[in-house]
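The structures considered in this document are given below.
Two complexes, one shared chain (chain A), two partners (chain B, chain C).
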Partner chain A sequence: MIEINRRKLLVASAVLATGGLVLSTVPAQAFSPHSEVGVTNSSIKLGVTLPMTGAASPGYNKLPSAMKAYFDYVNANGGVNGRQITLVVKDDQYVPTLAVAKTNELILKDKVFALLAPLGTANVKAVAASVNPGRRGIPTLFVNTGYSGFANKKAYPTTFTLLPSYIVEAKIIAQYISENFAGKKIGLLYQDDDFGSDALAGFKQAGLTFTVKVPYASGTQALPTVPPTWIQKLSAANVDVVILFGVSSATAAALGTAAVMKYAPKWILGSVGGDATTIKAVGVPAGVLYGATGASFLPATTDNADEYVKLFTTINAKYNNNAVFDNNVMVGMNTAYVAVQALAAAGKNLTRKGLIAAIEKSGAKFASAGLVPLNFSTTSHVGYSGYWFGTYGPSGDLKPNGGVYTVYTTDSGTGAVVKSTYKRPAMPADGLPTQS
Partner chain B sequence: MKKTRILSILTASALVSMVVVGIPSAAHAAGPQCDGKSPINSCQGATSDTAPYVMQVPANFNGTLVLYSHGYRPNVPVPAGIPGYGGYTVTNTPQPGPLVGGKDTSVIAYLLGHGYAVAGSGFARQGWNADSAIATDVELIGAFKTQFPATKHVVAWGESLGGFITQGLAEKYPTLIDAVAPMCVADNVAAELTMAGDFLWGVKTLFDPTIKGGNYSAGAAGYAEAMGDLVKFFTVMGKLQAGISSGAWPDTSSATGKALATAGIPSRSALLLLGLMSGIPTQSAHFDSISGPDGALKVTFPLAVSPALAILENGANAGALAILALQDVENQSGGAIFDNTKTDYAARVTNERVIFNAALSGNTAIDGLLGALSPLNPGAPRASGNAAAIAKMNSLQANTGKINVPTITMVGVADPITPVGSSVRIAQAFADQYAGEKAKAYSDYAKSHEYNAPKKNLLSLWSTTPAAYTTFTSAGAPITSTPAAPGTNHCNFTAAQYLVVADELVQAGQTGSFLGGGTLAFMVRKAKNLSTDPFFNAPLLKFYE
Partner chain C sequence: MRRFAGSYFGRLSFFIVFGFVLFLASNRVDELRVYQGATVAMYVVAIASLILLTGYSGQVSLGHGALLAIGGYSATLARNHFSAPIWLCFVVAVLATALFGAVLGTAAARLSGPYLAGSTLALAVGLPSIANQFNILGGEQGLLFDVGAPPASLGADFTQYKWYFWIAALAALIAIWWLQNILRSRFGRTWRAVRSNEVAAELAGIHVGKSKTLAFTVSSGLAGLAGALLAMTISTVSPSAFPLTLSFALLTGAVLSGVTTLSGVMIGALVLVATPDIADAISSRFASSENVTTNLPGLLVSTLLILVVLLVPNGPVEQMRTLRTRKSTKKTR
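Moving on, here comes the complex of A and B:
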């Protein structure tokens, strides 16, 4: 009886406090002091799973240290609303089932506030199906995969993408081909999973047809052993242009084998595979990239005139042991940069719901190094949606064609590919977000 | 990868719960005969359906009876020599509580030592017997109360089919029961046999078309067909294991299977797909789908091989269940009950084909496999059920998941016989029920200004697997001689885990509330490999998709 009377008292208080009957606020627990998991007055704990060891790790294993470097820079400048950011890193070796186990650790043992930039389509999908951050209300920020499905807010309510989708990339590559290689015979090497199927959907949407398509099975991202058969198929089809829409190891294997077999079509590389760091790590000289066309949504890493490149280079020197400043470092720092924008926008009373709401409300206006706009809104969890094209130099650096970033943008649906008129806003002072 | 031994893989888990207490199996429709001994007064008897039962009552009986319902026992003997079940004979020996590892009576002793009485029936018939077993349990409760009028509370628990019986008892007779604990609870018969039947159909269709796979003849002929299927099933599973590394297909494969082999699709990918489309867990007693041996296979093994080995281990249980239970339920229903004429296997693996893409050998291979299994392929004939028989099967006891009394569930997250989805279904049903009760409480509050919060009457315990548990020899071969990992195999609980359930069950039965907060957290932590994660989620059985 005592328990019932106490409840009645609390309920009566609730009515008085709100000045009216708001049924959803009736339960007594509404009066409990609230503290969000992974957040204290002085800290915010984030977590990431990605391959730190194993065949898939080269390149990707540079992302956490780059993210941490930017967080360290922010922390040294007062943090976000007075809170220092920590990043817990778990090695999933690019194995989906291991990503599930490691994400469970992050959530149940490390008790992170949010997941940041988990990597790999299959891994993120496995985590969504098993750990289900969406049901738990845990933000999954800026997944490191371009699979278009993750922007489906209904299926992944707490997930936000950052990379342009593979559909967007394929549509833009198709546009580039129509402008530069009209009438030529086109070949395609692609990964035979959702990564590749997304690309196929984009090429189909854009109306690009192929003389030959060569799928390869996804795997560990170790250097494949069968590229001669790929090259033989491409060569036999006598194509003029070959799109390599695969991971870096497959790209390296294809280019390396083609060089040995003296097969030299015009190569166009997808953004995932055209990474010199990874290609070198699997034992193939980065020079195989020389002359190929590639795509990016961030400024070129060699563009020292770009204020973000300057900032990130400085941070890299001070907080990241002056690691080789490649696109992985750029992506890592930019991801952390956008994450800090989001955390700041969520305000001092940081909650998971508040963070998601802040990205939906203000995310489209977040400053970032991206040369294409962010598309966050209450109805869209889509990040970037565009690319510029460039040519790889002898050391594997990608520079914009003609020295100018000509950015194309589109969506993952039926929208047309257009040249972007987006003007990137000026970087906030010292590259630090405005605190709320 | 080194070959592992087929028998070590195929030694099935505790599908059959055996009894260690020495109770005669002779059944009479008679009241209990008690020996009157102290400190434990042991009684035997039989309910009116001739089901033998046992009661054990301590001298310091505290008024609470803990009634146990045992799991599925095949209702036919299995000849010696058949892996897993060979030498099994049908028994209706009563069992008054769970046996740790199939023989350890320490949990029963714990209850008796704390003043609780225990009882259990052997049931009048074996096989899928929920309807008659529930009636038996009701009669047993009455017999106990008559014999021991000091009884104040009755709580019930059970495992596997016994968990289903226990849940059914609470759904049908909530006033008889104060709290229940369905452990590793079976789902409704149609859902269970769909899972097992899908896997068996896939094995037959791809790997050995001479397997009958259901629609068994009546009587002795049907029994012989089922036993023949068991032999063929385990034989082909052995061949699949031998070909795990090379991807070789069994020599008994169908024309459809051989065409897939010719297309370069490894048999392990086909086996994995059958497991995924059936809803069989991809972690098993010895394969975590996470670990790899040091060296070149460190990542390749968990990515491409381990999930198939897990399906092999778990599928051995599922296939055997399919054969034994199909024959049983077909006999009860009067005809074929497995029907996959309208099953869309492609839709069932929408997520799985992405997550296990590498092990399935890529989209082209997956599409090839699904195409081969589609109804459009005359080389993969679907199984048609008998409408009247299916209707009769569906008239058997079906649980809704409605929670009438405080309920504790516990299940291994990788249980291959009663997948975790069965318990998730109960949790989801209760979430809906609770939301409805909460809405009503708000509505009532608006009228009476008295808010009576609904009770959270469900405690879900998840027996989790270790972070990683596959071990390897120095040569890199997986070791399968070790005990099954926690969270795997069927009803594979430790004594400590059972005791968490026991303590919660009697507490809830006596007070109407669970031990919660720090007490529960301490108990769970002490028991190890147990979680109360309120957000734990897993797919329901594929039958519900």
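Moving on, here comes the complex of A and C:
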């Protein structure tokens, strides 16, 4: 026994020593490459993490193909400054720890130039803490979450938001309620994490009080026993109006269970979960949605008079296998659209620093389908900050109340909710950004 | 010389040389490999903990993920609420989990076979979701665990992942070295005696229950260390960081390493880290469906597990040893 150990140890030590010597002769890898990571003369590589499978995936898993479709359209028209855009998609199942692992892969293995539209408040937060794109100078563009904290430039120096923050949304919903349902009893369903607490902060600031607040833990919406408990609590409180402020799958579960339990208050759907295709896809009858109130910052998907809707519908038909044209497709394409503007604005000599500077400098003037202005500046990394309200039709499509987009805007601070006078500029020719 | 190599100091110097090689390696490979190296070190500790429990003391645990969770959460709480220095967080993780293991081990010593497997499994399912019940544990979203940036004295080019790797590798080296020594001590011999034949061990004057509980406690302490290392590499703790699949992966890693000996512990850890990469390479070449990409690593690991159990039930290291012994007996004949 001792002899085997001795031989083994000697051999192992010899191998180790040789290995050590060999390693010490290899030159250390240069970590500062000559050109920017993820960019060549003919290509730009972007990466995204989001739930493609799992409880939270319905609806959101349509985003990458929509983003890719717009990129394909741009690529077919010469790309951005001659560079073709590719998007690497990683499935994080809406699990923060997976988001960290997958973002590591994107940065270290796929070597992407920038992260585009990573989804989920908890996920983006975990990634910021662990992978820390901020410290590495990696742009994290247009995160697909409305958590107001991401606008903090100090904590997230390379992060830009696009969606209006949950605080903004809550304040505007509170305004809508005070105009339309004053004195009524209000109930709320919300996700029990930073996504929900951001909304709670907004409602609190707007002075909206709830008769009942029902929190749910992310993921539990997929358990058959959980959604009925929400409906029981809401119905026991005898509220007139219920705000559903959760992800699409949770909103669908709530509406579906309510339909089965014959519970029918006035529903107001938050923008995150107010996605009719997802709701219908899980078998909830469209009738449940009919008459519910929803909010959006993009034109209605059925608004064929809108030039962006027209453009995106055409691109959807040609590059996205003619997928059902819903709000997810709209959001995906619009995000890609704004990203292309940013890449174009950063110029021919594309660097991470240059991209961030370009958004800060000219981001407020980027063309987009949004009916509310973008707020990018050297001091602000905030995208949209407003909503219009609409009503879901019998087929589940959201149409603006009274046939006109009445847009309200506000900020994540103490600012008042005001009716916006913003006029969206005309779309650049063929929906392609002007290039430097 | 002979005495030196097999001795206490021989082993110690082996670990020091190995550590030095790791140190050199960490300066030469790219960041992804360094990060994966930290994960390998974490798995080494976790799998060693399982091998100690299963291979040396004969107790089965299907719920090691739960013990890792306790380690991860206790390190995080120590860090976030008492601003404990990072080394202390790891000590706290080891002690807290060992304490939990001692309590659990007392119960476990009375269980055996499928009953023990079942109850540890239940623990793995249930324990992490406790976090959803108490605000201090951060719910599904979890808590951030930040070990901090590497000391400035290491230079501006010293990356965060290299820092993780240094911490994890050092922790793993110390843990395995210590474990090697304890396994060669009276305790190690007692555990093996109990595993081989409880009645014979008891006749020889060994307190079987005590011996089993002690093994469980030591194993838990190591699992706690692994949990804290896991929390460090992903910077968070949350119920989803310690899923049932983690427990199964560790068990698979232990089987691949060979449950009866500690010397193959690196094999299982390397396989667990490499599998997602291999699966990724396969799925990106042959399939584009997300479901394939998501499920392929699990499929690969399971296939490997079945193959190992069928072909080399004692693990590759033990198998090689047997082959060598056979060869040498043939020669003498």
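For the reader, a short list of remarks on this structure follows.
One rule holds for everything that comes next: the second predicted complex is superposed on the first by the 394 of 436 C-alpha atoms of A that agree within 3 Å, B and C clash if a C-alpha of one lies under 4 Å from a C-alpha of the other, contacts with A are read in each partner's own complex, and residues count from 1 in each chain.
As a working rule, a contact is a pair of C-beta atoms (placed from the backbone, for glycine too) under 8 Å apart; a residue touches a chain by one contact, two chains touch by 3 or more.
All figures in this text were calculated on a predicted structure; none of them were measured in a lab.
Of the two partner chains, neither chain B nor chain C is touched by A:D110.
In the superposition on chain A, A:D303 contacts neither chain B nor chain C.
Applying the stated contact rule after C-alpha superposition, one finds that A:E36 touches neither chain B nor chain C.
By the touch criterion defined above, A:A129 reaches both chain B and chain C. Touch criterion met: A:D192 reaches chain B and chain C at once. In the superposition on chain A, A:G219 makes contact with both chain B and chain C. In the superposition on chain A, A:A101 makes contact with both chain B and chain C. Residue contacts after overlaying the shared chain place A:A55 against chain B, while chain C stays out of touching range. Residues 12, 23, 26, 93, 95-98, 101, 105, 108, 122, 125-126, 129-130, 132, 135, 192-194, 217-219 of chain A contact both chain B in one complex and chain C in the other. Those residues of chain C that touch chain A in the shared complex are 1-3, 5-6, 10-11, 14, 17-18, 20-21, 24-25, 27-32, 35, 132, 139-142, 144, 146, 157, 160, 234-236, 238, 240-241, 280, 290-291, 293-294. On the chain A side of its complex with chain B, the touching residues are 4, 7-8, 11-12, 21, 23, 26-27, 54-56, 93-98, 101, 105, 108, 121-122, 125-126, 129-130, 132, 135-136, 192-194, 196-197, 215-220, 222.
Looking at the complex, you find that chain A touches chain C at residues 2-3, 5-6, 9-10, 12-13, 16-17, 19-20, 23-24, 26, 28-29, 31, 52-53, 61, 91, 93, 95-98, 100-101, 104-105, 108-109, 122, 125-126, 129-130, 132, 135, 192-194, 217-219. Of all the residues in chain B, the ones that touch chain A in their complex are 282-283, 288-290, 298-300, 302-304, 307, 351, 354-358, 361-365, 442, 445-446, 449-453, 467-468, 531, 533, 535, 537-539.
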